[in-house]
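Since the structure comes first, as structure tokens, the remarks are kept for the end.
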Amino acid sequence: GTGSGSSGKKTKDGLKEVDVVLDWYPNAVHSFLYWAQEKGYFRKEGLKVKIISPAESVDAINFVASGKAQVGISYPIDTINAVVNKHMPVKAIGAVTQKQMVVMISLQSNSITKDFKTLKGKKIGYDGTNDSKVQIQAAASYAGLKPEDYELVDVGFDLTTALTSKKVDIVGGPMINDEVITLRNKGYKINVFPYTDYGVPECYGLVLDVNSEAYEKDPEMYKGFLRACRKGFRDMKSDENGTLDLIMKRMSSDSNPLNRKQQKGSYETLLPYMETKDGNFLTMNDATWNAFIKWMKQQGVTKELCKPSDVMIKPDFR
Amino acid sequence: MPAAFLLLAVLVIWQIAADIIRIPHILPGPSAIIAKTWALRRTLFLVQLPYTFFSVLAGWGLAILFAVLLAVLMSRSSLLEDMIYPVLLVIQTVPVMCIAPLFVLWFGYTASGRILVIVLSTFFGIALNTFDGFREVDRGRMELMESFGAGRLQIFLRLEVPSALPRFLTGLKMTLPWAVVDSAVAEWLGATRGLGYFSKRMVTHMDGPGVFAPILVLCLVTIAGMAVIDLLDRRIAGHRSAL
Amino acid sequence: MLTFDHVSFQYETDREAMFRDLSFRVEEGEFVSIIGASGSGKTTIFRLINHFLIPDGGRILVRDRDVAEGAVSVGYMPQQDMLFPWRTAARNVMLPMQVHGVPKDRQKKEASALLERVGLGGMDDRKPAELSGGMRQRVAFARTLATGSDLLLLDEPFSALDSITRISMQEWLREQWRTLGKTIVFITHDVEEALFLSGRILVLRGRPATHMDSVTVPAGPDRTREMLLTPEVTDLKNRLIRELREEAGR
Amino acid sequence: MLTFDHVSFQYETDREAMFRDLSFRVEEGEFVSIIGASGSGKTTIFRLINHFLIPDGGRILVRDRDVAEGAVSVGYMPQQDMLFPWRTAARNVMLPMQVHGVPKDRQKKEASALLERVGLGGMDDRKPAELSGGMRQRVAFARTLATGSDLLLLDEPFSALDSITRISMQEWLREQWRTLGKTIVFITHDVEEALFLSGRILVLRGRPATHMDSVTVPAGPDRTREMLLTPEVTDLKNRLIRELREEAGR
Amino acid sequence: MRGKTVRKLSAWLFGAALIALWEIAAVSVDRVYLLPGPADVIRSLLLNRKEIFLVHLPATMEVVAVGGALSILVGALFAVMMDLFGPVRKALYPLLTLSQAIPVMCLAPVFVLWFGYTTAMRVVVVILTNFFPVTINLYDGLRSARPERMELMKTWGATKGQIFRLLRFPSSLPYLFTALRIAVPWSVIAAAVAEWLGAPAGLGFYSRYCMMDMDAPGLLAPLLVLTVIALLLNGILKVLERRIVSWRGQ
């Protein structure tokens, strides 16, 4: 009775309902969805899309797996974990960003150098999740540090507090398009260290996850969804001011007040991440997934290997 | 009077501490918080407060109903007590925060999930106090009622309820702030509005005064609620010390 | 009306049995007093009748029904007033009427009348905490009468009253008994009171008590205080006091 | 020892004043009884002495010190026993000694002795709930004596006792008074008790009460029960009862 | 005796039935991440037993024990201060209430600032969430002491401290035990929540870890351990309570 395979109800006017659970509060990275909604691209595909912001980032996968939502925005590492370790019926169908957005940051005053040699004896804050821990350890060992050279400190979910209250010297887990910009806007001088600079394989930052059983039943619906998203992204890319207006009009509200300056920074940071010269928006390739799957197994996050097709679908939605 | 004085003292110390530490997104001073509350007054009081207030009323109201029901059941027979009490204790030991993801899976981001969070965090205190109130009904008065040939319902309404009332009110006093605070927690677990949600949202903006402004409103709600309960306490539980 | 049939009882935490094979009867319409030393078990008898305590052996019948079968409705006045502190005097008196479903307005009127009768007119709205010891006892007495029961069990109802109020209460109680034909069992430690009020006196003695002496008061139903001064009654009084004293000496 | 100097008092929720300009004195070493109808204000006098209530006017002196100046230590026995339900009989009696810092072993011994004396030998470890009404009253009485105070304020201390136990308590109390030279103020509603025990009887009458009749009992310090039968005492008794009756009639 | 065995047995059966129901529901839903059954949870517990019992359990127990004990002390201290000193009550009461109206999560950064990610920080969180039930209950319990008993103690010249120790505190014990029975599960919860704010180890930490890992049975396994601990602590309390406040309802 949990409706795990459900592919959405139909509304009165014959549209299919699609609930999209975000990874985080609505912000610039989600503009393509709002453009698609604003311009009626979803409607043209016969879809009625509802955007839901989550309480916890894991909600997206959980909702999709249990059929409570049709699409969820999540991370590849979580998607692979869900499929391989938890046997949850989810798969990625498109990449929102072509590059990882999670980084490590330190205050410049801590003078942690790019080569990480200065990390010795320092405290590294992380959010207590396995994902972060693994990425930090991988990055550190890439820089030639042994686990006993530094101290990992679980700082709960509040990474910025840990950093700014100087209880740790560096934190792993902030997003390039969010905390980084917020801290800079607050006047903090910070250094940013992308994991990918330290041996963590490049992968997609955010992906669109769907319920794989539901996908089998109605692939056309999801393809339509992706088509609309792509159109939305085109608008987002071509019209910075329009996008910022849209953000301030549609995403910002009494309950989710957004700051135009902040979002502008976020937007500018994001565009090169969402589409690169190697990959268009939403596209994914086996090699990238394969490399990441292997890396995860190597780090002991997953117990076994899997094929890229176990964790993702490449719908042909032209 | 002493209350106002102490409050003032605390505020002053706090302000000084905030000025010294100068990390406003972690420890904003009271002046900044008050200014922020004023600046945000429209959204805080007209948009967020009604939303939160509804969950508090609904959640706490249900908790009271449920708690009294359980207390009554448990006080009727020791078999029921032995059956129900451990279950309550188990429920009570599970931190809502921990099983929130499961909650969210079961209920989604609906009001029922949030209300359940409040119920879970407050019913136990009320139930236990009320139950102990029932257990402490004076034996002599009980015998007297029985000698009148009073039925169980009569004894319940005319003796047990008034006898347990002071304890029940103690339970209310104890859980009121929790009902308020857990409405905020509940909103973190899934809501797109409300004072708690708003506060959490401001954390990501590193906007310290913005984090505490809704909390200030929560505090005001609590104080108002406390005043009402204290009034009730004086009115209907004055016989606490005559039992 | 009331029968103790070979009743044995012992408090769980007590070393000695309280009653062993104790039997006595109170007929319908009788006014019986129970006297006995402090701690001899008078109150215990009442608590057994009300089935608050369960005898170890024997049967207790009220109106020919075993009290174990279910609640018997009696007018019981406990030794401690047991007023409900959250109710006013009048509402305390109304309590048994409420239990019996008497209409509200009649409750009020009757409660007022009863309070008036026990000398507490106009005190309807006082809380027990605002009454003197004797006043509280009178409220409790009024409450007992408000049960309207035909069997009254009164445990030292007048012990906190000054002699004048007490005499007036006694006379009124006898009046009630005569006109309404109630059965009254009356615990007292005052031999004179027992002599004036009751047709028969039961003397509770011994530990464990195995029987109660039953003494008929040599005076008719119409009584005056002066009758207490007749030689027969004086003799009886002295005899009872002597008996009790012997008991105390043991 | 005790002086009421033009004391006025009214309960806040009461319509009428209780006392107006009431004055009386009790000398050191006296044994004074206060009699009066139920609700006439006897207990109120004690509560005023203890400064639980604050007079609207006038002064109350104990040992020549105004009671308003600070707690006076007296041996007060309230009308309701007010035993502590979580303490055994013996530990209830030990309470005032504990307050006064008497060494533990002496506390125990004295409490036992006192309980023995009030006829509760061997009941040391009983909780109040396991005692009869009269027994509880005797524990409270023993507790009052355990204060060792030279001023005892006793509020109907024997009202729940049967006549035999009561007589024995009365005799013992007089004995204590005579040998230890205590000052005793004794509330009772029993005129005979007042006559037997006290050197002087204060009669509380009227509302508001403006003065108390003081009646000296025509009998010496060595007393026997028979003295109560002398014509003077009988006359006095009848006079007091008549006075109280008039009061009640008003 | 037999009745008690039957009672215990049926209570256990009831518990077993609930668990069985849960298992049935879990099996029929058949999605571990949606509704893990007891079997899944226990399996997960056994699988990670080393980690849970040797690393996380001791870490949490330290916080529960220290935080729990301190919160009771702090809570009691507040209640006592409020009871003894009127102005303190007026000043403290609203502040304490407010301290409860602020979500721990909002204060967490401040705590981090002061204490860092240390055990001290977690202990403070436990104290903050847990002292309140103790304060409110104990304070109301202290107020439930009968004023008449208090007056009595004053007549013995008892100091405030003695009145508190000998009367008010014992009177409040039933309330205190209620508070303790509430505080037991709450200190366990608070410890878990505190670990959410950042901790190197502990059952709450482990549970959150599993949550972010979408491991539902793993999320519940440590909670199961916490529950068993709470049940054990509660059992101890129950025994204590039965011994200490046996006078409930008398």
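Order of writing sets the chain letters: A, B, C, D and E. Residues in each chain are counted from 1.
Methods note: a contact is a pair of C-beta atoms (placed from the backbone, for glycine too) under 8 Å apart; a residue touches a chain by one contact, two chains touch by 3 or more.
Just so we're on the same page, UniProt names per chain: B, E = Putative hydroxymethylpyrimidine transport system permease protein; C, D = Putative hydroxymethylpyrimidine transport system ATP-binding protein.
Note that the structure is predicted; figures quoted are calculated from it, not measured.
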The chains touching both subunit B and subunit C are none
Looking across all chain pairs, point out the one with the most C-beta pairs in contact.
B-E
From the C-alpha centres, identify the chain that is farthest from subunit C.
A
Let me have the rounded angstrom distance from the C-alpha centre of subunit B over to the C-alpha centre of subunit E, please.
16
Starting from the mean Cα coordinates of subunit C and subunit D, work out the distance between those two points in Å.
27
Nearest whole angstrom, what separates the Cα centre of subunit B from the Cα centre of subunit D?
50
Give me the residues of subunit A that touch two or more other chains.
56, 58, 62, 66, 158, 161, 165
Enumerate the residues of subunit B that touch no fewer than two other chains.
23, 25-26, 101, 105, 138-139, 188, 242-243
Can you list every residue of subunit C that touches 2 or more other chains, as numbers and ranges?
80
Show me, using the given definition of touch, all chain pairs that touch one another.
A-B, A-E, B-C, B-E, C-D, D-E
Subunit B residues touching subunit C in their complex are 138, 140-141, 143-151, 154, 158-159, 162, 165, 236, 238-239, 242-243
Can you tell me which positions in subunit E touch subunit A when the two form their complex?
29, 31-34, 108-109, 112-113, 116-117, 196-200, 205, 208-209, 211-215
Subunit A partner contacts - residues on subunit B that touch it in the complex:
23, 25-26, 43, 47-48, 100-101, 104-105, 108-109, 188-194, 197-198, 201, 203-206
Which bits of subunit A are touching subunit E when the two form their complex?
1-2, 4, 56, 58, 61-62, 65-66, 78, 81-82, 85-86, 88, 127-131, 153-158, 161-162, 165, 167
Flag every residue of subunit E that touches subunit D in the complex, lowest number first.
146, 148-149, 151-158, 162, 166-167, 170, 173, 245, 247, 250
